[in-house]
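Two complexes are shown next, each including chain A; its partner changes from chain B in the first to chain C in the second.
Moving on, here comes the complex of A and B:
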């Protein structure tokens, strides 16, 4: 057992070194060209259109065919604020005109896979489709760009975004990995739905074939605009819905990596079986598991009851033990831990339910329940999603936590379809598991989850005070202002109103074959998937 | 016989219509829809207006009678429509998987017949000897062990044994290659699920062969054959076995039809991109059009297989006459 732990520790250290300062190491080691990267994907492709879809099942196999205007730095993906140009050149622009104008200079000599040269008009057409889609055309992330007034191309290689108001949420929104740049010619010729079933990008790889339900194959694009890349000859993204099979596929070397993440036990099994042939990279994950009390129902319309639910939960202890069996670990507030806008530990412990004196918190919880007229043994319906990691694990843990203050949660586990129907449509629950998973860390956009007006809030409440705070946050120009307002927002959402309960932030664990080099873990399974920096040390 | 065939063919029509009505309405009783899962299932922000637009584009906001009429008319003119999840034609999606499922069904049936007929026969002939006991234990184990569990054990066994003896763990390929492109690669992938499934399948058929043969061996005409001094081999092969195969053929037929769409878990275990996996995924994704089409295909396969089995009866036992 000790040997196993030491192996895991060594692998984790290797992974951490790679993740933090790995680029230097990767450069020190001579890059080898060639080879095919096989990786497994646990979800299916609905369509190829990044502007419509929201699943990693599309991002992992399809993203390498496309480029973005800007992206997170593939050599420093763990940083939540490090963005670099992809199709633009130079540095990512900062706002001018009081933060209301962003001017991007576009690379010259870039060609789509069909040979069409890329110009600023392609970027404009792409972002117009995303931000101002025609009636009847879906665009899943147009709400990210509420601040944008216009997009234009004053010349062939310049794109200008004019904002209605300055916003710190703009640049992260542009870097969202779903914003594939399409050719204006394709949009004009074939229409706005053509990309659902067809692919023509400027990414590091060209589309070869897709066998639905089986695999997607790509081969290196010889005219890729990041000169010298990609290092691979090609890749194959193999569909494998069962986690156990994905794990065995890496063990049996049918696949080298899986980009979403495995639970700790799977990591341990792989390390135990393969030793140093496996490298483990780990990171905090831009996903937080929440619970949402339904404020349409009594007694959850009473803030004292919602606070009691929060006070009962031992987040610090849960972090320690749950992280050994589930893909959750970090204690955090409304903002991704580690981001400059996130609460520090000193700020965190002041939030309801985040204190370190658990006994005191639970005594207070019982007092609040008594004051609200909720009797010992009060039973309520707790809706959960029928997916083990981390929903059922954390859900079962929550049931135990609430029992400590005399509440009996009857956990009702449903498959994803009926669960969403309950959460989003019927609202037929007292308390429900909920979650907030995002791609690029964009706290100002990500925290909208807590707003009553948000399309993804299921607590059935209106909170005009919180809305006003958010409005100020959206328009705050400096980071220090944003940070200050974010604390107000957090205090209102968690401390004063306890609208939602934050459990733990997810934790991403990517064990992969050690010969896979150049890929660094990012805080989201949607990020750093262009595959252009990966090479195989075989 | 001719009249019987026509009657059976006509009876297929109400069966198929009944199945269509059931599958259409039962599917719509399941809460949730494909748009919710597709746009909000990942936990990313999902604009309610976009979800509504998706529903409208897929026809989910149309009145139920309109949706039903579309489905029935499509089925009637053999246009199964597009998958709600991928947007691709259903015939294309099914066609891709059909070859694999058919091959696994044939291979598993081959494995099952290869095991069950000889073992069942030996077991009956050697009734209550140690051979009979061994065969019975073997077949009961086959019924008791779920094929998906056996599949998992096969994969783990291969990984562990190859690592131990060859130094590198090996497992069957996880992506399908056509037997025409790479026969060895195809076999390397499909032989294992065929064995896992064929074993369970053979267990049922072995039990059936044994009991049917025992019953036949007690018939008067077998005693007569023995009294005539016919060789035991001739009695078993020519007179007993052929007559005892009637229920075995039924079992094999039904199991074959089941394999075409029912290898739901085994296909997941071996990552086979077959109809069973497609079935599970389309149900989980609330992909109505795909699920409806798959159910109707499975129903059609069952109806057709039963029809063929009934015809086979008449060939095996000329005393059977219909109509």
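Moving on, here comes the complex of A and C:
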């Protein structure tokens, strides 16, 4: 056992060196060209359209075919503020005109895979589709660009974004990995839904084939705009919905990596079996598991009952134990832990349910329930998603936590489709598991989840006070102002109204074959997936 | 003068053998049906575990105790603990309750419904029988697990819905077997006699026909219990049956098999053994019952 732990420790250290050390050890070695990267993906591809979809099942196999205007620095993906140009050139622009104008210079000589040259008009057409989609055209990240007034191209290689007000949330929103740049010609000729079933980008790889339910294949694009890349000849994204299958694929070297993440036990098994042939990279994850009481239903319309649900949960203990069996770990508030805008531990423990005196919290929870007229043994329906990691594990833990204050949660686990239907459409639940998973760490955009006006408000509440606080947050110009208002926002959403319950932030563990070089873990499974940095040391 | 001959009452009658004591019967049955007896023992043990789970179990089956998570089998936890620190032995004992509750509920409801429908179909015959049997054909065209999956996907998960899902496919299977026996009984004169006496159809079916198809019916019930336990475990394993934290064998297997098969194999091994043993027990018991009740097999 000690040997296993030492192996894990060594692998984690190696991973951390790779992740944090910039060019570090990997760059010290000479990059080897060629080879096919096989990786496994645990979810299906609903469509190829990045502007519509929000799943890693699409991002992992499809992102390498496309480029973005800007992206997170692939050599420093754990930084929430380090962005670099992808299709733009030079440095990522800073705002002019009091932070209300952003001017991007576009690379010349870039071609789409069908041979069409890229111009500023393609960028404009892409962002118009994302920010101002015509009626009936879905755009999942439209709300990220609330601050944008217009996007235009004054010349063939310049794009200008005009904002309604200065916002620190703009640049992170542009770097969102779902913002695939499409060809204006394709949009004009084939319409706004063509990209759901067709691919034509400027990414590091060209589309070869997609066998639904089996694999997606890409080959290196010889005219890729980052000269000298990609290093790989191609890649194959293999569909493997069962975790055991993905694990065995890596173990048997049928696949080299899985980009979403494995639970700790899977990591331990791989390390135990393969030793230094496996490298482990780990990171905090910009994803948090929540529970949402349905405020359309009694007694969850009563803030005392919602507070009691929060007070029952032992987050600090959960972090200690659940992190050993699930992909959750970090205790945090509404903002990604570790971000400058996130609550410190001293601030966190003041929030309802985050205190360190668990017994006191549970006594208070029982008092609140009694005051609200909720009797011992009150039974309610708890809707959960039929995915083991981390939904079912955390769900079962929550049921046990609520039992400690005399509540009986009857867990109803459904496959993803029916679960989302219950959560989003029918609202047929008392309390539901919920989540807030984002890509680029952009707290000001990420916390919109807690707003009543949010498209993902499944608690069916309306809170004008919280909306006003958010409006101030959106317009705050300095980080200290943002931080101060963020605490007000957190206090209102969690302490005063307990609209949602925050459980634990996810923790990303990526064990992969040690010969996979150049890929660095990011705090999101959506990020750093262009694959143009990766090479195989074999 | 009338002559009355005095004939002893006992004359001409065989002297009935005195009833054997229960233990002699048990020994006799054990000798004649050793496998069936083994099955019966397993079934009885399961029933005892299920009924006295509260007394026999050392721990709370649903209480998380993370400080003991994934403890290997030992003195404190004979079968080890799972990833939530719950005692596996305790959950197996309570799981027997879930398995038997689902197993017996499905078997009895499914078999009784099938019995009544099968006998009625045979009794009425004609167009009713024709249409009814075609409907049964449609149901029987689907394998048990597929049918159960379809029903669960319509009604949703949970113990009640699992019982419905498993019961529905049992009905046509029992109805078909019972009908074939009832068809022969329908032609026996006492049914005509009952009709001639003006008894209602319901009375003829329930009082005169149903008791005479009991042998195949009992055999079907015993087989159904084993099948229902296996189906419940399969549905729970697929995440469509009983839900956490309810102790159920299939669910225990599902929670542990994938992730802990290597590092904590006891999490998957013991529920697997429990499922196998229970199904094995009911099948052996059912086979012995068939041997005992089927006149042809009994003669052999």
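Here is the rule we go by: the second predicted complex is superposed on the first by the 537 of 538 C-alpha atoms of A that agree within 3 Å, B and C clash if a C-alpha of one lies under 4 Å from a C-alpha of the other, contacts with A are read in each partner's own complex, and residues count from 1 in each chain.
By definition in this document, contacts are C-beta pairs under 8 Å (C-beta built on N, C-alpha and C of every residue); 3 or more make two chains touch, one makes a residue touch a chain.
Predicted model, so just to flag it, every value in this text is computed and none were measured.
Visitor: Could you tell me if A:242 is touching chain B, chain C, both of them or neither one (first, second, both, neither)?
Guide: Both partners, chain B and chain C.
Visitor: Give one of first, second, both or neither to describe whether A:265 is in contact with chain B, with chain C, with both, or with none.
Guide: After superposing on A, A:265 lies in contact with chain C but is clear of chain B.
Visitor: Could you tell me if A:196 is touching chain B, chain C, both of them or neither one (first, second, both, neither)?
Guide: First partner only, chain B.
Visitor: Return first, second, both or neither, reflecting whether A:417 touches chain B, chain C, both chains, or no partner chain.
Guide: first
Visitor: For A:94 in the superposed arrangement: first (chain B), second (chain C), both or neither?
Guide: neither
Visitor: After the superposition on A, what does A:321 contact: first (chain B), second (chain C), both or neither?
Guide: In the superposition, A:321 contacts chain C only.
Visitor: Quick check on the output: what are the common chain A residues between the chain B footprint and the chain C footprint?
Guide: After superposing on chain A, chain A residues 242, 244, 415, 418 contact both chain B and chain C.
Visitor: So in the complex, the part of chain B that touches chain A is made up of which residues?
Guide: 30-33, 36-50, 53-54, 57, 85-88, 92-93, 96-97, 152, 155-156, 158-159, 163, 168-171, 173-176, 268-271, 273, 277-278, 281, 284-286
Visitor: Would you pull the chain C residues touching chain A in the complex into a rising list?
Guide: 62-64, 66-67, 69, 83-84, 156-158, 239, 243-245, 258-260, 262-263
Visitor: Of all residues in chain A, which touch chain B in the complex?
Guide: By the definition above, chain A touches chain B via 40, 44-47, 52-56, 136, 138-144, 196-197, 211-215, 236, 238-242, 244-245, 248-249, 251-255, 273-274, 287, 415-422, 424-426, 435-439, 445, 448-449, 454-456.
Visitor: Across the complex, what residues on chain A touch chain C?
Guide: 242-244, 263, 265-266, 268-269, 272, 317, 320-322, 324-325, 386, 388, 392-393, 395-397, 399-400, 403, 410-415, 418
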